[in-house]
């Protein structure tokens, strides 16, 4: 029966973890792994992939392979940072909305609704353009776009947990509302938030790359994958310019999606109970 | 409660011999939720099955109805009016279910269809099993509701379950169960979810129905007070096996098996005054952890060394009583009440 | 001066379109070292009363006094330190403990928050666990590793950590099996006696309350209909509802006696009957009962009851009469 196996042993989980570990290691060790300087324009332009240049060279004579490797040092840490920031902002606002209700709830959720009204990338474009094109501003713009998802999830979790008896006990012992949120409610919400965050990392990578593709995120000469795909789109006949960074994005996003699904299965109380064994 | 309603000489409505219900476990073993049960239910009799959670009492009832969980296997024999239910093809069993034997569950809110009117639930049932026309079915439904003492049956027929209180819903559930005049009514914790004054009404109803309709009833509950009021005979189950059986007056008045005595001692007694309640130490074994010998031995204050090795057989001791305890420490002893005061 | 005193307490739930008086004026008191049992069936308001007594829900009228000081309903800020000595144990052992925190930490909460304990709580936590007969290594484990009865003990240990002078046990044993019920009930009783606490023991199980409580209060549809010393109330119930309640419990003695039932249903608390709330189902109802609500009267020896059988009903003038709230009622004709 499928229930017997830990979710972590399933093929998708293993693939996901493998790719995440691979890319994280690449991100860390890129300077050692890359054969050439990613921004050095030392080579002939538009070389096809070959023994010297495994992924060819781009329109300015830079080695694609090194650029793809270094790209991990931009996309992955920034995507993670983006998720961490949105989670913190979103979860905190969501918890306040859920626990205190009434005007706190109304205010927070109206702002969330405002954000939800726009397609993510459009809003991110507007924000990034307004702030000025740079990676830092892209991250800020995306935090604005991504925090409401967390707020909504956390709010509904807290609404449910607020009425439980262990919360009442805590209050009766003298816990303030703030302490109850931090000490009692947070561990119960953390699991679901973690799942959401893991699933959102993939989305974050896509949005960051998307903004960079549009010229609103990473600026030249940064070897960011989205920007590299943009170069590939402008030079369609040089297939290697777009395909390799595209594959990088693809594998990273899928890996985090698999991780998120696995986390959800692992933390879902029903599956977890089946694995632990209910009396 | 009249013993005259029971017909002891007639062939039993239900007979179980060596009944075992085996469930697959996580690690591939088979665990016996019901582990060798012999029992009978006479026509017009109310048999009580007493036990705590995990004793296998509900599984026994589900075995009768063919409603065991997926993957369960049965051994032994289980007969309804002489016909073996365990080897019966499912189509035949379905025809019996509802018509010859019916069940009333603990929570009428989930056992009644929330989207059908009361009348519809009864008439659907009737027409499925007996094919009578709509008018006759409605007449019978009204008759049934009157029998279970629901006020204003004409209005009730058109109402939905959620519009009723718990006690009323349970009466409706009983009416549905009795629609096809079954031989056997199985009631699994029928009053556990009800207030005590409402419970009293349901108990009286079940007793009256048994006398008026001659239906046999199998009442399954952990509540010994309910069984004392209603059951003619009792079967006390523990860890899938029968510990003791006999007439209710005997088993509750003069319990012999250490488990039965422990159960009664754990209950509040007026005679105890302000003395402490006396729970049985420990707790029933989990399905996967049943000891090889007597399942009650780890908690038993009367056990001898052989109890842990040999599984006791259920042996008759005369007067319609049987116990599964070779030690039988209370043979010929006083009744519970005096035991409680003096010890 | 009682440890806990409820005077004329009313609790109202606001539902769309109507207000429900779950508790419609209740008086109750608990002394130090005393166990007061509160019994009643569904809809009687006993759990609501319990919550009002500790401040989990606000009272719409009347007063709750703990050590002579009114109890504040819980708001955003932390509960008043004085009130932390008024604790509660809930019914459901599966939701009264935080599933994601170790039980040692949850018990330590009681020490730190309520008793103002500083320093390493581990030793004290171990003592508390011993007190409730749980192994001391339990502190490192999570609630799901324990049975229902054990969880209730943990909940009691947590309440004890606050050094309470009164514990409200709201159906604290109802969700447990018979053996666990007996042992947890024993624990509560012995703690009450040892620590000279007060215990308000709420239950629908009359047999246990009779065993455990010194004084019993019976509720019906939001009102307390009778109180008194337990043994006396059982021997000679003053209120017909109490009598019916006692007669409805089947004794587990094998005698085969069917319990007496009380026909009818508990009315909707949003629309209680006029006059005495029990009158539609009361076998002894007579003229004044549907018209005027009986006041609570003392029968001496700490006994009280609210029933026209025990107090002189007001003379009812033919053609009209006035019910308790001053509204005119033209249904009564008996003079």
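Just so it is clear, A, B and C label the chains in written order, and each chain counts residues from 1 on its own.
To be clear about the criterion, contacts are C-beta pairs under 8 Å (C-beta built on N, C-alpha and C of every residue); 3 or more make two chains touch, one makes a residue touch a chain.
Everything quoted here is computed from the prediction, not taken from an experiment.
Student: What are the two chains with the top count of C-beta contact pairs?
Tutor: B-C
Student: Farthest from chain C by Cα centre, which chain is it? Let me know.
Tutor: The most remote chain is A.
Student: Which chain wins if you rank chains by how close their C-alpha centre is to the centre of all protein C-alpha atoms?
Tutor: If we average C-alpha coordinates per chain, C lands closest to the whole-structure average.
Student: Averaged over CA atoms, how far is the centre of chain A from the centre of chain B? Could you give it in whole Å?
Tutor: 57
Student: Please compute the C-alpha centroid of chain B, do the same for chain C, then give the distance between them in whole Å.
Tutor: Inter-chain centre distance comes to 32 Å.
Student: On a C-alpha centroid basis, what's the spacing between chain A and chain C, in Å?
Tutor: 52
Student: Quick one: which residues in chain A touch 2 or more of the other chains?
Tutor: In chain A, nothing touches at least two other chains.
Student: Of all residues in chain C, which touch chain B in the complex?
Tutor: So the residues of chain C touching chain B come out as 41-42, 147, 149, 177-183, 185-186, 189-190, 204, 206-208, 210-212, 234, 244-245, 247-263, 265-266.
Student: What residues on chain C touch chain A, complex-wise?
Tutor: Residues 54-56, 74, 76-79, 81, 84, 86-88, 90, 92, 95-101, 106, 109-110, 113-114, 144, 155, 158-159, 161-162.
Student: For a test of understanding, state which residues of chain B touch chain C in their complex under the given definition.
Tutor: It comes out as residues 1, 52-53, 165-168, 195-201, 203-204, 207, 222-230, 248-253, 262-264, 266-270, 272, 274, 276-280, 283, 336-337.
Student: Name, in rising order, each residue of chain A that touches chain C in their complex.
Tutor: The contact residues of chain A facing chain C are 100, 164-166, 168-177, 179, 183-184, 187-188, 190, 276.
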